[in-house]
Amino acid sequence: MKTYTDYLRFNTKQRQEFIRITDDVAAIVKRSGIDDGIVLVSAMHITAGVYVNDWEDGLIGDFQVWLEKLAPAGLPYKHHQTGEDNADAHLKRTIMGHQVIVPVTAGKLDLGPWEQVFYAEFDGQRRKRVVVKVMGV
Amino acid sequence: MKTYTDYLRFNTKQRQEFIRITDDVAAIVKRSGIDDGIVLVSAMHITAGVYVNDWEDGLIGDFQVWLEKLAPAGLPYKHHQTGEDNADAHLKRTIMGHQVIVPVTAGKLDLGPWEQVFYAEFDGQRRKRVVVKVMGV
Amino acid sequence: MKTYTDYLRFNTKQRQEFIRITDDVAAIVKRSGIDDGIVLVSAMHITAGVYVNDWEDGLIGDFQVWLEKLAPAGLPYKHHQTGEDNADAHLKRTIMGHQVIVPVTAGKLDLGPWEQVFYAEFDGQRRKRVVVKVMGV
């Protein structure tokens, strides 16, 4: 069995940004030389998520409106008594999920026709990382 | 290390259906010959989910009522400007999750007493797939 | 490839408790002797979750208030017709997620600076388990 680990780095211009990373993950899998197995893609910061869904700007906008409704910014969160102002980002990333496992088959990401991997930043404008670990044969 | 990959296929009669797939996953693990490791069960379409919870019809109904409240159909979603009408299905599957990892121990799914694996279809009446990848020794 | 499996046991005093388990998971990884790979941490009971987020009491309180808003106790859930009273616990754990994969790199949990692993109990005061399976080289 082989393992191969790399990290993606982000520093978004906006506080909230959704960034497609399917090709970055595929490039790491290619470099790993692993033909069959899995790749874990996991946010290392707790106000960002990683999810799989459609690459369609309208739907991305729908996700953002929806998350604001379910986990609004600006409420009097207890977390803000520590000086933070990003409690909603912790909640939003919980709904989206913070990691995915993509199967690797025949040297490629084994994704359905519309599956794309996204990084969802909810408290950006600072340096963040995503760990990408490939395991297999 | 060994890997073994198979696919489950669905074409539901209803637009929304929750289908228990524990036995299908267990059968694939048995065919894999893998005794200790993990099995990834992941929806390949972005309007369906895979989750672990109780096999009890009342609770399944509760999930469906709850998802309709959190992510209603019929809102003026931006995604619908593309001609689609299923934005709520993308949101609902995000809450349920689109994949699970089941541990495999002593050749069997290492599940708690009430854990069952389900496929949650939110935009059915068409052909869909779930990838099942077993990895281990 | 090596695998190593252990179980964490809980029997909380309160019905709802969030318990940090990062050190317990790290100890199991150390005992496994695995240097590079992944560790699956997965609730074996369907009214509990496992998630990664901040170790800050205010935020934990925010999560609990938020979950009560999104998935309230005390509604006339269909599941309660079976004699159960915990449908909300099934829903709450679905939002938080029931499992995480932590990457293992250089013999340690490969976590970001604020990432902590938590067990989220939503129907406690009874015996529960979490399976921890390490896989790697």
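In order of appearance the chains are A, B and C, and numbering begins at 1 in each one.
The rule is simple: contacts are C-beta pairs under 8 Å (C-beta built on N, C-alpha and C of every residue); 3 or more make two chains touch, one makes a residue touch a chain.
In this text, all values refer to a predicted model and were calculated from it rather than measured experimentally.
Q: Can you give the shortest number of steps from subunit B to subunit C, where adjacent chains in the path must touch?
A: 1
Q: Quick one: superpose subunit A on subunit C by CA and send over the rotation angle as a multiple of 5°.
A: 120
Q: On a C-alpha centroid basis, what's the spacing between subunit A and subunit B, in Å?
A: 20
Q: When you check subunit A against every other chain, which residues touch at least two of them?
A: Touching at least two other chains: 1, 70, 95, 97, 101, 135.
Q: Hey, which residues of subunit C end up touching subunit B in the complex?
A: Listed in rising order, the residues of subunit C that touch subunit B are 1, 3, 5, 40, 42-46, 70-71, 77-82, 87, 90-91, 94-95, 97-99, 101, 129, 131, 133, 135.
Q: Within their complex, state which residues of subunit B touch subunit C.
A: The touching residues are 1, 36-38, 51-54, 56-59, 61-63, 66, 70, 95-97, 100-101, 103, 105, 110-115, 135-137.
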